[in-house]
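Shared between the two complexes below is chain A, which has chain B as its partner in the first and chain C in the second.
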Partner chain A sequence: MSGSRAQAIVRWTARTVLRATVVLWASATLVFFITRLVPGDPAEAALGGPGSQASEEALDAVRQRYGFDQPLIVQYGIAMLALLRLDLGTSYALRQPVVQILADTVPGTATLAVLALLLAWAMALALTLSHTRSSRAGAAIGDTVEIVASAVPHFWLATILIAVFSTALAWFPPVSTGTPAGLVLPVVTLAVPIAGFLAHVMRGSLDEALSAPFATSAVARGETATGLRFRHALRHAALPALGLSAWAFGYLIGGAVVVETIFARPGLGRSLLQAVTVRDVPVVTGVVLVSALVYVILTVVTDALTRIIDPRIGIVTR
Partner chain B sequence: MRSRPRRSLIPVAAVAASALVLSACAGDSEPTATGPTTGGTLVYASGDAEPTCLDPHVGGNYPQALLATQFLESLVSRDAEGEIVPWLAESWTVSDDALTWEFTLADGVEFTDGTPFDAEAVKVNVEHLQDPATQSSTGYLAVEKVASVEAVDDLTARFTLSEPDSALLESLSQPWLAIESPAGIARGMEENCESPVGTGPFVVDSWAKQDRVTLTRNDDYSSPPADALHDGPAYLDGIEWRFIPDSASRYAALQAGEVQVIDNVQPDVLVQAEGSDSLVELDAPRPGSSNRIELNSGKAPFDDVAVREAFIRSVNVDDAVSSLFQGTAERSFSPLASVEPAAYSDDSLFGYDLDEANTLLDEAGWSEKDSDGVRTKDGERLTLAFPVSTNQSIPAEVSLFEQLQAGAKDAGFDVQLDLLDLASWYAALGANDYDLVSAPYTKVGPDVLRILYHSDGIVPAPSGYFANHAQVDDTAVDALLDEASATLDEADRAALYEEAQADVLEGYYILPLYDQQNHFLLSTSVHDARALGTVSTPSFAAAWLS
Partner chain C sequence: MTHTTSPAVDPLLAVPTPGRRWRRVTLGEVVAVVFAVSLVVASVAPGFLAPQNPAAVAPLDSFQPPSLAHPFGTDESGRDVYTRIVHGAGSSLLIGLAATGIGLATALLLALVAVFGGRFADAVVGRTVEVLFAFPALLSALLVILVLGPGPVAATVAVGLSTAPGYARIIRTSLLRVRASGYVESARLLGHSPARIVLRTILPNALSPLLALATLGVGQAVVWASSLSFLGLGAQPPAPEWGAMLASARVYLTTAWWLTVFPGLLILATTLATTTIGRSLDARSAGWGQSGPSGQSGQSGQSGRPS
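Right, the complex of A and B next:
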């Protein structure tokens, strides 16, 4: 019995690793071909950017150095072999190893994303618990807040937050300065849309759970209303929201491009934007791979957490 | 008080350029008048792209020039009147055949790494620009006619040219040709990109990518240009050069007092800042070309001058500029920037006249209209491809193009605006997939006309880049530009360039809009900052904080 369980875990692990590898390979392949097939010459990234008037010799030297003179499929093969060796290459524009660029920028973006996700969960829980099963007017207000919050674009929210909390009230700096105060506005900007979305999903499930027969029997056993929400129903309500958190993290990386630019924070999003603009293929590939890797890990983790929270799904099944 | 100089902005170089010095305003508005005080760190927020290399010899773009102005110096500079003045070179002579230039260098100048500045250093720098391994673009083009540099003695550098070049001094004044320490260059590209070593008032201390470059004072500074406001070491302890790409955030940081200077100030922010008594504007249009729409005369329909004139007559630029730039930009009628003494204007060619546009198109054979109101000729629609770079055109300019698109529609033009990122935009130009394009070109002096309108400029560089987007292919214009390049006499040279500009304007190859906008906002606590007369980058060599 325990032998087959161990086997199941090995199989699950192997399947997960294989799936993750396929996702990473597909991401790298897509990025490679998309960045090479859109107009623009990556050789110019090394020569001062698009519109370079560099000499023939300079251009030849760069093409040879980075292998742009080879057929595209050969370049692809070389790039994939390098990735197998975990060699992400050197940025054409910044002349630095991509690994170093990632090491410099990942912590800033990770801090932003983790804090934003935590704040989004806190806001979503508060919204959910305060508006579930409230009056019809309360529910309508909750709905409106959630939908508006989840639809608000980052650039607009960031601009409004700066206008109110920096320029008018002078509570927080408008640009991220490395101090904790500098983190507040970017984190709030990223958290609000996710909070709206999570709350909307959670409140739906919470309403459902509170109407379920087990809720009635819990009340019959003498459970208080608050106890019912926290000890019983929330567990059910959190499940779909938890599944969405991995998706939300991907959304945060996209939001980081906007938020890091507006609040002038060093990070992955800004690296990506700059790299795409000049066709700096190694950096684009590096950032996408990191994002894909984080996405894969989070999916696995939320999957595992779901199994823990919901004992009905065993590790062996599925 | 010239905190709002734009109302009095007269398109005469001398006046506009002399208005760049800010000291008068700060002095008037505050009763301190105690004179400069030493100390303090100036925080500058740049909206330009962060350079990928701080050595402006590598590549060579405006963001590099902005920073290099703080720590590198050139052989010569250009003053507010547009005159070339001594800098690291004290004087120069040129041979009768215009092929040999001898520069006498300033004595006793040292690079901040202790290397002496001498003729050998000048030779090393020109060779560095010409070496393909340096990957220079702007600087490399500027020294194309320099065959060799010889160190005659420590303080005499002899340039031998392959052909006469009346633009040599103007080229050498640019930050992309600044003189760096040979020992610094010898460290190799990677290290020199991180911290180039010059003779300037500040030194690169550190560079935190995506965040800031920290500059500290050069305590031994002794080599200001002839038109400097101050000739010793800087008053400031240093400069924090921050990168804040978003326009609204930059302005908010300035209002919050986190930074004291911002660049790339957009029209809406300029209007907001109007009337503030804690902010001063520095309006320093870039030299070289004006911002103008180029009409691709190399293919149909703009190979017909009547169709070019019809387009230009059909768009109401004046109204669009004044509504979208809200009085922050002055209309131009010249191929050249107003800061160029050689700029020639002719506003009579650019009057808005829809009837005239319609008549011209009818006569040119574009007399039918399809169901969308677009003119046709032999079944061809009068479609104009207009790729727009969102990196080069600010939002107000994109809106301007949209208004012009609507205006041209009334005459039966179908203008297809296509917003592109920089690399795609250059690719569209390289593929000749455009009828209209806006591509300003920054360079010191009228020689930019040769780059933009000589038929040689239609031939793409190895990278695919070419500068003559209007595809002006006129032997008379070529001859004028060639002769001007070889003419050292200032008056003769200016006359030749004036004739060439008249030909370009009268051929309806371009629709001038305004100068290349280059607005800065400074806190009134910053005194004696100025924009150099070369590429209009701000210098803080004489600046102090109160």
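Right, the complex of A and C next:
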């Protein structure tokens, strides 16, 4: 019995790892071919763009080094082999290895994203548990808060927060440098829209769970309304929202581009924006691959967590 | 099947079910429709709502906070912010509509290939869409801009393409459901040609839920496009477009809040209006004879969010 379960877990892990690897390889391939569509001579771009007036010898040297003079398929092979060695090339604009740039910027953005995701979960749970199936007015208010929260654009929320909490009240700095106080406004900005989406999904499933037969039987056994919510229905409410978390993380990385730019905070998002502006292809490739990697890992983790929280799905199915 | 199938309400937990709320027109829906109509009026005839010239500069009146003469204040050149917002509605909405159109058209093409192109095509499209899901919406939009270069057209295409994978998945499911339905089977038995079945029977039925999805999408597209403009990658500053106004306002963020607050408020209101209208269309269409328990309000709205 336990042996077959262990086997099932091994099989599930093998299949998951294989699938994740395929998605990552496909992402890298896709990004490689998309970046080849960027107009202009890549060798010239590597030397600082058309304005740099690079000599023909210098251009040739770069072409040889990166294999730009080879057929596309050979270039693709070179790029994939380099990727296996975790060599993402050198930034055109910053003249630093891309891996170095990523190592410098990932921790800041990861802190921001993890804190924002935690805050979003806390806000969504509070909102959902307080207003699902409460009075009509309560439900209407909750509904409005949900819709407004998920619709509010990051840049606008950030501006309002800066105007109120930095300019008027001077509680938090408008620029997010290393201090913990500087993290507050960016984290809140990122968390609010996610909380709106999560709360919307959670409310639907909590509502369903509260109508399920097990809820009736719990009430019949003398469970209080609060106890029903926390001990029985919450688990059901959390599941679909958990499934959204990988998506939410992707959304956070997109939001980080805006938030890091507004709060002048060094990070992955800001590097990406700068790289797109000057067409620094290696940096863009690096950031996109990192975010694809994080997405794939999170998908696997949330899938595993879902199976743990909801034993009905089990590890053997599919 | 003309009524919403609402689950039996448990007497112990008797509260209004989500489905019941949507039968009457709510205040929120009225406000949303009124706002949407005034946006359309502003797009078609901006002079009707704001007779002044949006480009009229008045250096002496620069950075006026909101007042009776200038309800939304004035910008760095003394231009009236209210007038510029009204005159910017058209291009901002057009960007949102065009982006949604591009996203839906791309998605429809992908879904049609997947559903009617055989098992191999379905597998290829399915895997590709799965890979595209690994790219967050703003990231794929930035990749498109990397190739096309910044500008309003590039931003529109970028937002449209980045929403396509999400739509494609939903349309594919919808097409599969309709293809397996009884009325398609009977059309086949009547001897209609496959082309006629796809065009006359499957597409109209599979695409009607898309109306709600598209409405939700326009609001999201306006937000994403204005985010790109705000970052300096979309419409450029002299244009009275909401995102571009926000981009030029960024420098004065700490001194002149109204330059950011009011265009942003309009963007937020647009999304709220499209979300409200989209959700109510979705809830209402669920009662219009779709088979299966898809009556949960906002269901397609959830999955239709850009990934």
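The criterion applied here is as follows: the second predicted complex is superposed on the first by the 275 of 318 C-alpha atoms of A that agree within 3 Å, B and C clash if a C-alpha of one lies under 4 Å from a C-alpha of the other, contacts with A are read in each partner's own complex, and residues count from 1 in each chain.
Heads up, the rule we're going with is that a residue touches a chain if its C-beta (ideal position, glycine included) is under 8 Å from a C-beta of that chain, and two chains touch if they have at least 3 such contacts.
Predicted, not measured: the structure shown is a model, and the values here were computed from it.
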Partner chain(s) touched by A:T189 [first = chain B, second = chain C, both, neither]: neither
Partner chain(s) touched by A:V38 [first = chain B, second = chain C, both, neither]: both
Touching partner for A:T277 - first (chain B), second (chain C), both, neither: both
Touched partner set for A:A54, first chain B, second chain C, both or neither: first
First, second, both or neither for A:V288, with chain B first and chain C second: second
Touching partner for A:P174 - first (chain B), second (chain C), both, neither: both
First, second, both or neither for A:T261, with chain B first and chain C second: both
Partner chain(s) touched by A:H154 [first = chain B, second = chain C, both, neither]: second
Touched partner set for A:I162, first chain B, second chain C, both or neither: both
Chain A positions touched by chain B in one structure and by chain C in the second: 38-39, 159, 162-163, 166-167, 174, 261-262, 276-277, 279
Footprint of chain A on chain C - complex, ascending: 7, 9-10, 12-13, 15-16, 18, 28, 127-128, 130-139, 142-143, 145-147, 149-150, 219, 223, 226-227, 230-233, 246, 250, 253-254, 257, 260-261, 264-265, 267-268, 271-272, 275-276, 296, 298-299, 302, 305, 307
Sites on chain A touched by chain C in the complex: 22-24, 26-27, 30-31, 34-35, 37-39, 133, 136, 144, 147-148, 150-156, 159-160, 162-163, 166-167, 174, 197, 200-201, 204, 207-208, 210-211, 215-216, 219-220, 247, 250-251, 253-255, 257-258, 261-262, 272-273, 276-277, 279, 281, 284, 287-288, 291-292, 295-296
Complex interface listing, chain A residues touching chain B: 38-41, 43-44, 46-62, 93-95, 101, 104-105, 159, 162-163, 166-167, 170, 173-175, 177, 261-267, 270-271, 274, 276-279
Contact footprint of chain A on chain B as seen in their complex: 45, 49-50, 52-53, 58-61, 132-138, 140-141, 189-190, 193, 208-211, 242-246, 248-249, 252-253, 255-256, 258, 391, 421-428, 461-465, 467
